[in-house]
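Structures follow.
Okay, so chain A shows up in both of these, paired with chain B first and chain C after.
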Partner chain A sequence: MASVVYNGTVPTPSLTGFTMPVTAAMGAFFGLIAGQSTGLGALLGIVVGAIAGAAIAFVLVTMVSYKVGRWSAIGVIGIIGLLTGGTIGLVVGLIAGALLGWCAYWLHLGGYRKSLPPYATSGQVLWHNTFKFICGLIFFFLIAPIITIIPLSFNAQDFFTFTPEMLALDPAGYSLKHYQDFFTNDDWLRPMKNSLIIAPFATIISVSLGTLAAIGLSQSHVPFRRGIMAILISPMIVPLIISATGMFFFYSQMGLWMEDNFGISKSLSGYIKVILAHAALGIPFVIITVTATLVGFDNSLTRAAANMGATPTVTFFRVQMPLILPGVISGALFAFITSFDEVVVVLFVGAAAQKTLPWQMFTGLREQISPTILAVATILVIFSIILLATVEVLRRRSERLRGMSPT
Partner chain B sequence: MKLTTTLLATSALTLAGSAAFSEAHMADTMTIVSWGGAYSASQQGAYHDPYVANTGITVVNDESSGEAVAKLRAMNEAGNITWDLVDVEAADGIRLCDEGLAIEIDHDTMLAAAPDGTSASDDFGSSIVSDCFIPQIVFSTTVGYRTDMVGDTPPTDICAIFDLETYPGKRALAKKPLANVEWALLCDGVAKDDIYDVLATPEGQDQAFAKLDTIKAETIWWSAGAETPQLLADGEVVMGSTFNGRLFSAIAEQNQPIGMLWDAQMLDFDGWIVPAGLPEERLARVMDYLMFATDTQRLADQAKYISYGPARASSAPLVGNHGELGIPMAEHMPTDPANSTNVFVTNYEFWADYRDDLDAKFQSWLAQ
Partner chain C sequence: MTDATGPMVAADGRPLKASLNRALRRQKMRALLLISPLLFFIMITFIIPIGQMLFRSVENQIVGDVLPTTVVALDAWSVKSGEAPGEEVFFALTQDLVLAAERKEHTRLGSRLNYEDPGISSLFRKSGRNVEVMGEGYAKQFDALDERWAETNTFSEILADPEWLADAAQVETAADMDRFEVNEDAATYLPRTVAAYTSFANYMIADKGKDPAKSKPWNTLHLALFEDLRAAPEITIASAYGDMLRTAAAAVPTFETETLSASFAKIDKDWLDPDVWSTIKRYSPSYTNGYFLNAIDMEKTVDGPAWRPEDQQIYLTLFWRTLLMSMTITISCILLGYPVAWLLANLPARTANLLMILVLLPFWTSLLVRTSAWKILLQQQGVINDIVVWLGLVADDNRLALINNATGTIIAMTHILLPFMILPLYSVMKTIPPTYLRAAKSLGATNWTAFWRVYFPQSVPGIGAGSILVFILSIGYYITPEIVGGTKGVFISNRIAYHISSSLNWGLAAALGTILLAVVMLLYWAYDRIVGIDNVKLGG
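This part shows the complex of A and B:
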């Protein structure tokens, strides 16, 4: 694709026949939203928005330069928003102005054809841009619910509600009290601690057993490979509630047995039970990711190592492991998140002393809809982003060091 | 035992002594199961914190009362009882007692007498609905409404729920028949005293569902008590039923534009049960705790944190002011004379007999 990008000048499209109507349609859309939310009525909003859109396109394209045009569109619409809708109107107006100004120039200067070869037909250009728009929408619907919780977690009230003060961007409508509650309330700190104990141990067990299982199952001489594989990944396929019910009875007996025979405390046996249950849930993820990595592993390397006198253990740690490490790490990440997010099994297997963060969030949602849950959710979202970004950076770095090109 | 009882009733300080004396025979951690949220917080403030200060034990809170019956059955089958004390509604207390999952209590010897010497069973009175049940509070299911969505005529009686003309908009009602069917019959012209007789007949049940049909399209069904205050705060419903303590919290502590009705409030009890099959040391600890936590002063203290009425008659005069807001709490109790002019006391015998039947009917009605 890159070789056929068209870099010449695009013929300027018709102002009245193309740029103005399309910008007007976009203006009508913003007008519809503004009209609905300010109470002026949808129809009035559409008409005013369409006229404003057309006017902006005309003025920007015919009278002013690009830079002046973009900034003046932002300024003018922003002021209109401020006058009709207060602070929140200003914000919406600034965004609408930026988008309308961008749209007018993008259409007029032919930006919509920039990445397409010159021989593309109008239909192909339309489809190309519609496709990009659909991709944007999918992205929006995936991410919007997660974004919504972030401002709500700064709510000054104890409800999941965008209050009028919040919508007017009044500082009095916002507060950090739910974050303060999270970091000072023992009801939240203890579950946090439990989650940070249980998840890493469960991950270590899943990764060790899962990696060994994957390596074993990738050997061609192992009998009943498919059957064993199916059993090992069954925790991922069987409905969680069924695994959880079975685990409850199984681990209850096991816990009692451990307490009677080893004299360990009820609290410690509780942790062991939850960790083992979570490890069983995490193993399928490790097996699947490691098996996928092993497909690309060249078995002549192990034969070469054996030829030079390395024992299988040395071969594993010095040759095989470094090469399949990316698969192991992503499997570990999945196992960690599985344990960190898990609520059903821990509700059955765990006692109150092993209450994890998702459990506390679950009871919090049911018994008291407190925005502290949103504060925790925001922290977890940020934590997940940092975790994934770190792993990705490390992976790329190791690939660069080993001279492999990042894919 | 008699000696300990007297000592405990006189002052909490002696408890520290007696507890230290018998420490060797008692477990040093307790798992207490309750409802979570503001309710657990009130128990923490009134019962757990002072008890922990006296004895130095660890109290672990589990917020699983919602599934107490199912979990206790499972624990019993697995032979692994991890709970020491469970907070349940009266109806669940009766069920657990009938199934042998809770131990029977001799209220007079195991609980403290009132300060004036009245025996515990007389002091608790009719709130002892089962031999296993140790009452704590009286609560009621009642209706709250948005003050800015009802115009100039805020509702004053329960039938406002069914009045779509005067109060248009969505309502929130519990996703279970309890309270809903009683209110439906009451607002369909059945006399209050006859309601449970009528409900016992299939025609009466049909009549109640027919009345509920009139508002079905406008109703949001809730399953957790926290939902109605949230829906009211959002302005998504004009009125909704929930527990009176939730409404008090939304109105007085959160300053939401919400008003509440006391008309035809459904009174119910909440209290402790002790699971059957506890080892001796843990049972001794639970009994020691119960002696302390259900005495007259402790029950009155709980009302500092939440607007539920103490189950002991002798606690009522001791109810003081709200712990943070400083407003007198007595007038927010469901048992206050001004609030209890028209009260429904939930008929446990009726619900014990008809609950499964009506639950099934209600769920299939919802699905229609």
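This part shows the complex of A and C:
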């Protein structure tokens, strides 16, 4: 549907039969919220909201131009909100004004069927917009939980919901105390440090071994390719709880063996165990991303390099590596986040000395839930936004590079 | 390949075929060489641990290791007799148990058998404490007969191989002694004593680092000696100990005897219960299917496998619930993911990329963050309940129970796994040309027919790939159900974790894990068939 764009004029819909009733329904929705929060009752709120919605639609459509109409709707309803509900009323009023104004013009000027061909029936138009609305709700479902915890982490109280002060946008309702707790409390700093020790080492192991193997796998003649691939991918497919169970038995014996034979301390052997386990879990991601990058790699480049006298090592580092580097780095990021975010295996394999950040969050959530978790969660969300941006940039760069290479 | 001038040759004069083969072989070797470090690494750090877990689910050597002679003696006994086994078995049990108690192995054995028959653990603990006094009466009577019986080296002088004794005298510390070697003659007329002393001596040397000839013999040795002498063997020993033994053999019939079964019954009357013995006998082989039977709510009985009583059946319910909830989550993911994937695949690239961020951000956000977000949102005093109460949809004293039940698990896990559905669906839908849909409509199809008959069948591979991925991931989930699932919303994985860390029934945990692994492997095979494991894509 979306690819057909009709640029001609759309017939103006009926004001009293279409634009006013729909805007009134939207007004009723905001009226319900206002009625509930001010204590006037739901029914009164709905009635008043519906009348107000219809009135706004009528006034905006018949009397004022688009720009003036939008701003005046925002201003008027915002002021009404401020008078009835204080600061939070102002915010809700501004939002309601913006939406009602937009709705009235969107309906009146035919924005709702702009991306549809003019012959679309009203049923199709309705379905098209309902579909968009449903998708919007699903996107909301995806993102809302993550967004909600960000303001909650600035809560001045030890609650996990919005306090009245927060809703009134009172500065006293907000504080950085949970962040302060995170950055001063050893219960959180030590796990943070452990995570930052374990994840990079695990990443280095998975990336170095994984890249080599991916290059091997992408050669044209590899015996037992399917079987080898299945084994290398298996840490991703086998449920974590099963990997953790298996590793629990094996790694405890391995730890004792290392302590007896190499005389390393219990703490060091603990770190080695967790790092090895996490490296194994990260390998499938490296294999998948690097193999995907190598699919587009032109092998005549290595032959050309060899032809000009480069040794295989030089060829690898000067020709092949720069081209597959984006894939390697995004594989490394996947491996890093796998280790950084992993809790089941470390719970079984590690000892208290190797407690990582997710482990501490897990115990926090299961036993004594502390609001500091929200601060940690917010920091991790920002961290993942940075990671996501990096991976996106790398992916585009890789596509550009591969687009440039002769095929 | 051949013509009048012979086979085609390469530049170096070799036949071309051989030369090409060699090049191919070298190429294969190079590929394998590049792969081998990782393959080795994964083998050590992942495949072997999993294999060991599989092995542990059938392994059951502890009974045979701790009670070796009892297990052999029990062969002749059957629970059908309706009574406890005879003295011979109790004699073997005494000998095994005294060594096990010294090594502190009897409690481990007790906990192992306790999984099968609750109560056995305390039986073994109590018996381990008291078994050392058994045979004390005989020890005193032997001592009264001849003072030399009270000396620590008497037994080794009689029972040990003279060469071993001579060697043993040479070593500096007892820990360096060789394993005990028996005097072949003594073994013919004092078989039980020799066996009992061998385990005593080896325990003293290997575990304690003591010279057995300088350690006080256990009372059970006297018990064994009494049993041997009662059979009136022909004693052929030449040394001074020969007379001593013959005197003892002559005196034995007049000894005050001890009934071992009665002594055990005095420790705990459960020893006379045939069911206890039947449990020991059933679990005596080195490998057992007992853990697997437990994992599917069955148990080993005398008449073969049978269902457990109704009130003890939990695992099948749990497996069934895990499957059902994983299915619900998969279906929710399809219902929510399909429209979004469709929208993303059909919008102009710029808008689609922007909206893609909304899918990828949850994908990249820590699992713990998302789980804690849901825990906080779904609580009784959480944001969602606050909103519905505020809107007047629900009374304040009747808040929705959204957490610590199956609802909480399904909501949170649908959210967590939704990106894994959207991404494969999107990549499949991206390849479906929009012209097909328009062509169908121009030929007179309604919107629904065009979608259902033309578009949907082409998107089925995406649904298949996404569903299997989501299903595999959800079936083994542990963290989220543990935190938001309460008791009604937990999966089989939570039970596995419980057996690993709390009940310590590792064999059962391994058996449950093996069953789960088998299910996942089946799905993995299906995934490989439908999508191909090489085609897994991450992050679009």
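Operating definition for what follows: the second predicted complex is superposed on the first by the 327 of 407 C-alpha atoms of A that agree within 3 Å, B and C clash if a C-alpha of one lies under 4 Å from a C-alpha of the other, contacts with A are read in each partner's own complex, and residues count from 1 in each chain.
We take it that a contact is a pair of C-beta atoms (placed from the backbone, for glycine too) under 8 Å apart; a residue touches a chain by one contact, two chains touch by 3 or more.
Computed from a prediction, not measured in an experiment: that's the story for all the values here.
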Original post:
Residues of chain A touched: more by chain B or chain C?
Top reply: C
**OP:** Would you check which partner chain A:Ser175 touches, where first means chain B only, second means chain C only, and both and neither mean what they say?
**Re:** neither
Subject >> First, second, both or neither for A:Gln368, with chain B first and chain C second >> reply: first
**OP:** Mind working out whether A:Ala42 is in touch with chain B, chain C, both or neither, as first, second, both or neither?
**Re:** second
Original post:
After superposition on the shared chain, which partner residues are touched by A:Thr161: those of chain B (first), chain C (second), both, or neither?
Top reply: both
Original post:
Between chain B (first) and chain C (second), which, if any, makes contact with A:Ser398: first, second, both or neither?
Top reply: neither
**OP:** Based on the superposed arrangement, let me know which partner A:Trp127 touches: chain B (first), chain C (second), both, or neither?
**Re:** second
**OP:** Would you check which partner chain A:Gly255 touches, where first means chain B only, second means chain C only, and both and neither mean what they say?
**Re:** first
**OP:** Using the superposition on chain A described above, determine whether A:Ala352 touches chain B (first), chain C (second), both, or neither.
**Re:** first
Original post:
Looking at the overlay, what does A:Ser243 touch: chain B (first), chain C (second), both, or neither?
Top reply: second
Original post:
So which positions on chain A get touched by both chain B and chain C?
Top reply: 159-161, 248-249, 365-366, 369
Subject >> Of chain A, residues touching chain C in the complex >> reply: 1-4, 32-33, 36-37, 42, 124, 127, 131-132, 134-135, 138-139, 141-143, 145-146, 148-149, 152, 159-162, 205, 209-210, 212-213, 215-217, 219-223, 228-235, 237-251, 276-277, 279-280, 283, 285, 288-289, 291-292, 330, 334, 337, 340-341, 343-344, 348, 358, 361-362, 365-366, 369, 373-374, 377, 380-381, 384-385, 387-388, 391-392, 395
Original post:
If you look only at chain B, which of its residues touch chain A in the complex?
Top reply: 31, 33, 35-39, 60-64, 66, 74-75, 77-80, 82, 224-227, 229-230, 233-234, 254, 256
**OP:** Please name which positions on chain C make contact with chain A in the complex.
**Re:** 24, 27-28, 30-35, 37-39, 41-43, 45-53, 56, 336, 339-340, 343, 346-348, 355, 357-362, 364-377, 379, 381-383, 386, 390-392, 415, 418-419, 434, 438, 447, 472-473, 475-479, 482-483, 493, 496-497, 500-501, 506, 509-510, 513, 516-517, 520, 524, 528, 533-534, 536-540
**OP:** Write out the stretch or stretches of chain A touching chain B in their complex.
**Re:** 157-161, 187, 248-249, 252-253, 255-256, 266, 351-353, 355, 363-370
